[in-house]
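Lettered A, B, C and D in written order, each chain numbered from 1.
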């Protein structure tokens, strides 16, 4: 059960197909693991080639999966024939990106016709331990009349 | 000439060596192209595996090079034996990540003993055209007494 | 019961006295209504002289009470002899400031020795209705060795 | 000369009249001192009743004048029959609000049909000294088909 009602009966397929077109997600090994109306979770296993200078996951990747989870959380509530754009986000980094895998959870705070406010967090998992490494507050834009389909 | 005076005579070497330890930068093909006290520029050529669903550079990469440029701009002014951490950043995305290469420019607004405020922008280059694709306002933290050196 | 343990036995008195020294809060009629370790709530009744051009509460006041609630939520966990400073905040405005009174709730996400991350929200109350008008994500700084006492 | 061309010949009158309807600005003694297409400056003299606990200008007022300057900078470029709304802003506080008066300068970075990105700064003036106390990066929204006129 979700608190939100999608406006497009095809919401899940279009979001999953859009995610699958993100070469950035495939390149780093990120997977879309949970998708509900207004909610999206993306998982990224740690890899040694995704790190900053101390060997932790680079804040850019923390942000990338948070932004992507936030974007699809918003997109899941958008009407047919529209695309999602990130207007802006703010991220607080709360702990180093240390862990075996990272889970980004995006959740809509306020859906809107044009602008949707979303929050997201990233959780590092190391064995049984769970540490929140980042918190995001983001603004997503619904680009009406331009479906999120492959370029010809 | 720079408006800032570094507190560590070794500022340039330590920043370049730290950048070189960022596997994330090497993996995506990013290069540190300009480094001055309080200022850093990072260049990222477009690659098809770094994209979001519409074939543009993923906002996560735009953010990653902006954060990295902002971080080294701040780090260049930090005293010996310290490390730089990103506390938070906010990014406004102003245009799609369309271009042959992307230049992130980080510049210190206000250096501080503990907290340094930095702004950054990302410029997409396509032939002779230059488009600002993102603007960042970030807070960097100086972790004193912990040099930014490789883990043993 | 709180999830946080204060480091100063005098945490409540010092926070309430500090709030009482904020002329800005008194001038607009804001009151500190809830204070727990890591949590603070401030209430502001609507007044016609606190408005923007459409007669709603000005976003500056929404921000002011959110920032103040966030600041005292952080301050409540700081050690004796220190002061709190706001490093930065980001606010998403989610609904017009329409209501008879406004409640700002600040809650610590991650306390730290130097930097504390706090989130806050502002809720407009109109009769039985409750609408979230704003969400804030903020960074607070602990200025050690400088007590938050009146200037002589 | 401005780098921006207004879309409403009446841009200046409507912005000044809208500012004049902001009771919050009048209450605190803020004045609109500069208005050009895409640019707005607001001045606030220090008053003892606008302070935080250390006697400095409250960050809420710093934010309020920055937000207002940013809003009218954006509004000056909007078409006839529309209103401006603040979607979000992020503020870094860079120095205490110490000074005899404060000048907020808002400047459009990227105007858009629906969303306009604006930056603002606040400068404290004390005698001949000028200190930047805050920097803002904000997103403004153009509400089309709803003129910014007084409520009947």
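Going forward, a contact is a pair of C-beta atoms (placed from the backbone, for glycine too) under 8 Å apart; a residue touches a chain by one contact, two chains touch by 3 or more.
Keep in mind it's a predicted model, so treat the numbers as computed, not measured.
> Quick check for the class: compute each chain's Cα centroid; which one is farthest from the centroid of chain D?
A
> When A-B is set beside A-D, which has more C-beta pairs in contact?
Per the contact counts, A-B leads.
> Counting only Cα atoms for the centres, state how far chain B is from chain D in Å.
Centre-to-centre distance between chain B and chain D: 29 Å.
> Calculate how many whole Å lie between the centre of chain A and the centre of chain D, each centre taken as the average of the chain's C-alpha atoms.
The answer is 32 Å.
> Compute the distance, rounded to whole Å, between the mean C-alpha positions of chain A and chain B.
23
> At least two other chains touched by the same residue of chain B: list those residues.
87-88, 90, 92, 137, 139
> Any idea which chain B residues touch chain A in the complex?
Answer in residue numbers: 18-19, 21-24, 26-27, 48-55, 58-61, 63-65, 67-68, 83, 85-93, 148, 151.
> Over in the complex, which chain C residues touch chain A? Could you list them?
Within the complex, chain C touches chain A at residues 90, 92, 94-95, 109-110, 117, 119, 132, 135, 137, 139.
> For chain B, which residues are in contact with chain C within the complex?
The touching residues are 87-88, 90, 114-115, 137, 139, 141.
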